[in-house]
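What follows is a pair of complexes built around subunit A, which joins subunit B in one and subunit C in the other.
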Partner chain A sequence: MDSLIPFTTSGALMDCVDRKMLVILRDGRKLHGVLRSYDQFANLVLEDTVERIYHGNAFAESWYGLYLIRGENVVLIGEIDLDQEDDVPLKQVDYNVLEPYHKEDVEDKKHREEAKSQVLFEEKGFSKEGGEGDGY
Partner chain B sequence: MLIFSVFKTLTDQQVVVELKNDLSITGTLKSVDQFLNIRLDNIKVLDEARHPHMMAVKNCFIRGSVVRYVQLPAEHVDTQLLEDATRRETTTQIKR
Partner chain C sequence: MLPLSLLNAAQNKPMLVELKNGETFNGHLVNCDNFMNITLREVYQTNAEADRFFKLKECYIRGSTIKYLRIPDNLLDVVKEEQNRAREANRGGRGVVTGNRGRGLPARGARGTRGGPARSVRGRGRGA
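Take a look at the complex of A and B:
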């Protein structure tokens, strides 16, 4: 039986239930919470969810609560190692302090991505990413 | 279905997964499913300084739809066999 479990979505996520997880969404948001449920599309239910923003060596949290995430928006689900978490050399600051810096970072990244995809499309012959049905 | 099978034979190998958000993760391939969602254990993020949120993550599940490339260990892929299998699959599909 054990050999059959790994090759399904449910098998891969089974041991992550009731654990603290990091979920990265396609818009770049990082959510931390306890995984309570999921299905074959990677739709997720997170409890005690917080959004974390980062800038330099600081991070800040904003409380979200109980969250249901539609699977298509999920990039990655990471299992947080609680021992390793204590060793992370980042310090927590107030959300309102960090938010303007974070917004600036997001804007910068957006401009960089736009410039990059334009060069790839117009000069390098790549197709455009992120169109309808592309899934990202 | 063929590629799904290829990935299944590569379980417990080291692979590098490049995502569409430019995150590159190396780790041990633990499982894969029909959507090519990938489960990696003991991960290491390339250019960790740019992705501080990944420092405490040990194992992860990557949604197949956000994967751009997977770098496979060449010594564990028989490309000749794969080529033959691909031909066989297309011919059986045409017959149907």
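Take a look at the complex of A and C:
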């Protein structure tokens, strides 16, 4: 990117407009869509959004359409290489087939994270997540 | 088209709002502000487990609790068209404005008399 553009939210995302992007949210959701707009908070407008879920070597998509995501909830935004996106060694299956497995994975992960944060809080002196000002 | 302008343009359109805690609200947007605070009417509220539903006539949602909004797919096109139409209208309007500007110039010169007191104010400022 041009070094004249400072490294700010607005600078870094400028090249991503009208590109197909992967957006990961704080709740773990992975959204694919075309970035149409953003602002200084990284509020995003995604067009033709699909949510992708994964389990083992399978993935599934569910179509959502136009999304306006509040910037706070965004963990990462990455560009999808259109030349390579079809080369992933995963097979697509029906969303309804994969959803129960995915839900199980999410539930498992939640339990693991809870156990981890319990240890971190009680033995390692860390604070708890979800404190003041944390909507999650 | 900034995200919040899009939200503004979505007034009276149906939308789905998901909060950070997973609750969802389905309804028509009544109004919104720059904090993303919104009011919806004819709302169906769903809890995070998606097993309980509530119907509300109207509700207010604080912007900071929102995770995302799902808005009608055609809204981007509608807004783009509206912007184009506004631009066309402006172009027509601007021609008239240019005409006015020509006529307006003497008025600007006339303002010179008003510049007198302004200059004296500046002088006072420097002195202090």
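Assume the second predicted complex is superposed on the first by the 128 of 136 C-alpha atoms of A that agree within 3 Å, B and C clash if a C-alpha of one lies under 4 Å from a C-alpha of the other, contacts with A are read in each partner's own complex, and residues count from 1 in each chain.
Convention: contacts are C-beta pairs under 8 Å (C-beta built on N, C-alpha and C of every residue); 3 or more make two chains touch, one makes a residue touch a chain.
Here the structure is a predicted model, which means the values were calculated and not measured.
Enquirer: With both structures fitted on chain A, tell me whether subunit B or subunit C touches more of subunit A's residues.
Expert: The partner making contact with more of subunit A's residues is B.
Enquirer: Once the shared chain is lined up, is A:80 touching subunit B (first), subunit C (second), both, or neither of them?
Expert: first
Enquirer: Quick check on the superposed pair: does A:57 touch subunit B, subunit C, both, or neither? Answer first, second, both or neither.
Expert: Touch status of A:57: first partner only.
Enquirer: Which of the two partners, first being subunit B and second being subunit C, lies in contact with A:13: first, second, both, or neither?
Expert: In the superposition, A:13 contacts subunit B only.
Enquirer: Looking at A:93 after the superposition, I want to know if it touches subunit B, subunit C, both of them or none. Which is it: first, second, both, neither?
Expert: neither
Enquirer: Tell me which partner A:70 touches in the superposition: subunit B (first), subunit C (second), both or neither.
Expert: In the superposition, A:70 touches subunit C alone.
Enquirer: Between subunit B (first) and subunit C (second), which, if any, makes contact with A:120: first, second, both or neither?
Expert: A:120 contacts neither subunit B nor subunit C.
Enquirer: Could you pull out which residues of subunit A sit against subunit B in one structure and against subunit C in the other?
Expert: 72, 135-136.
Enquirer: What residues of subunit A sit close enough to touch subunit C in their complex?
Expert: 25, 27, 36-39, 43-45, 47, 64-70, 72-73, 135-136
Enquirer: Flag every residue of subunit C that touches subunit A in the complex, lowest number first.
Expert: Within the complex, subunit C touches subunit A at residues 1-4, 6-7, 19-22, 36, 63-73, 75-76.
Enquirer: Any idea which subunit A residues touch subunit B in the complex?
Expert: Those in contact with subunit B are residues 6-9, 11-13, 16, 22, 24, 26, 28, 30, 42, 52, 54, 57, 59, 71-72, 74-81, 84-85, 88, 90, 129-130, 135-136.
Enquirer: Along subunit B, where are the residues that touch subunit A in the complex?
Expert: Residue list for subunit B touching subunit A: 8, 11, 19-21, 23, 30-35, 37, 39, 43, 52-63, 65-66.
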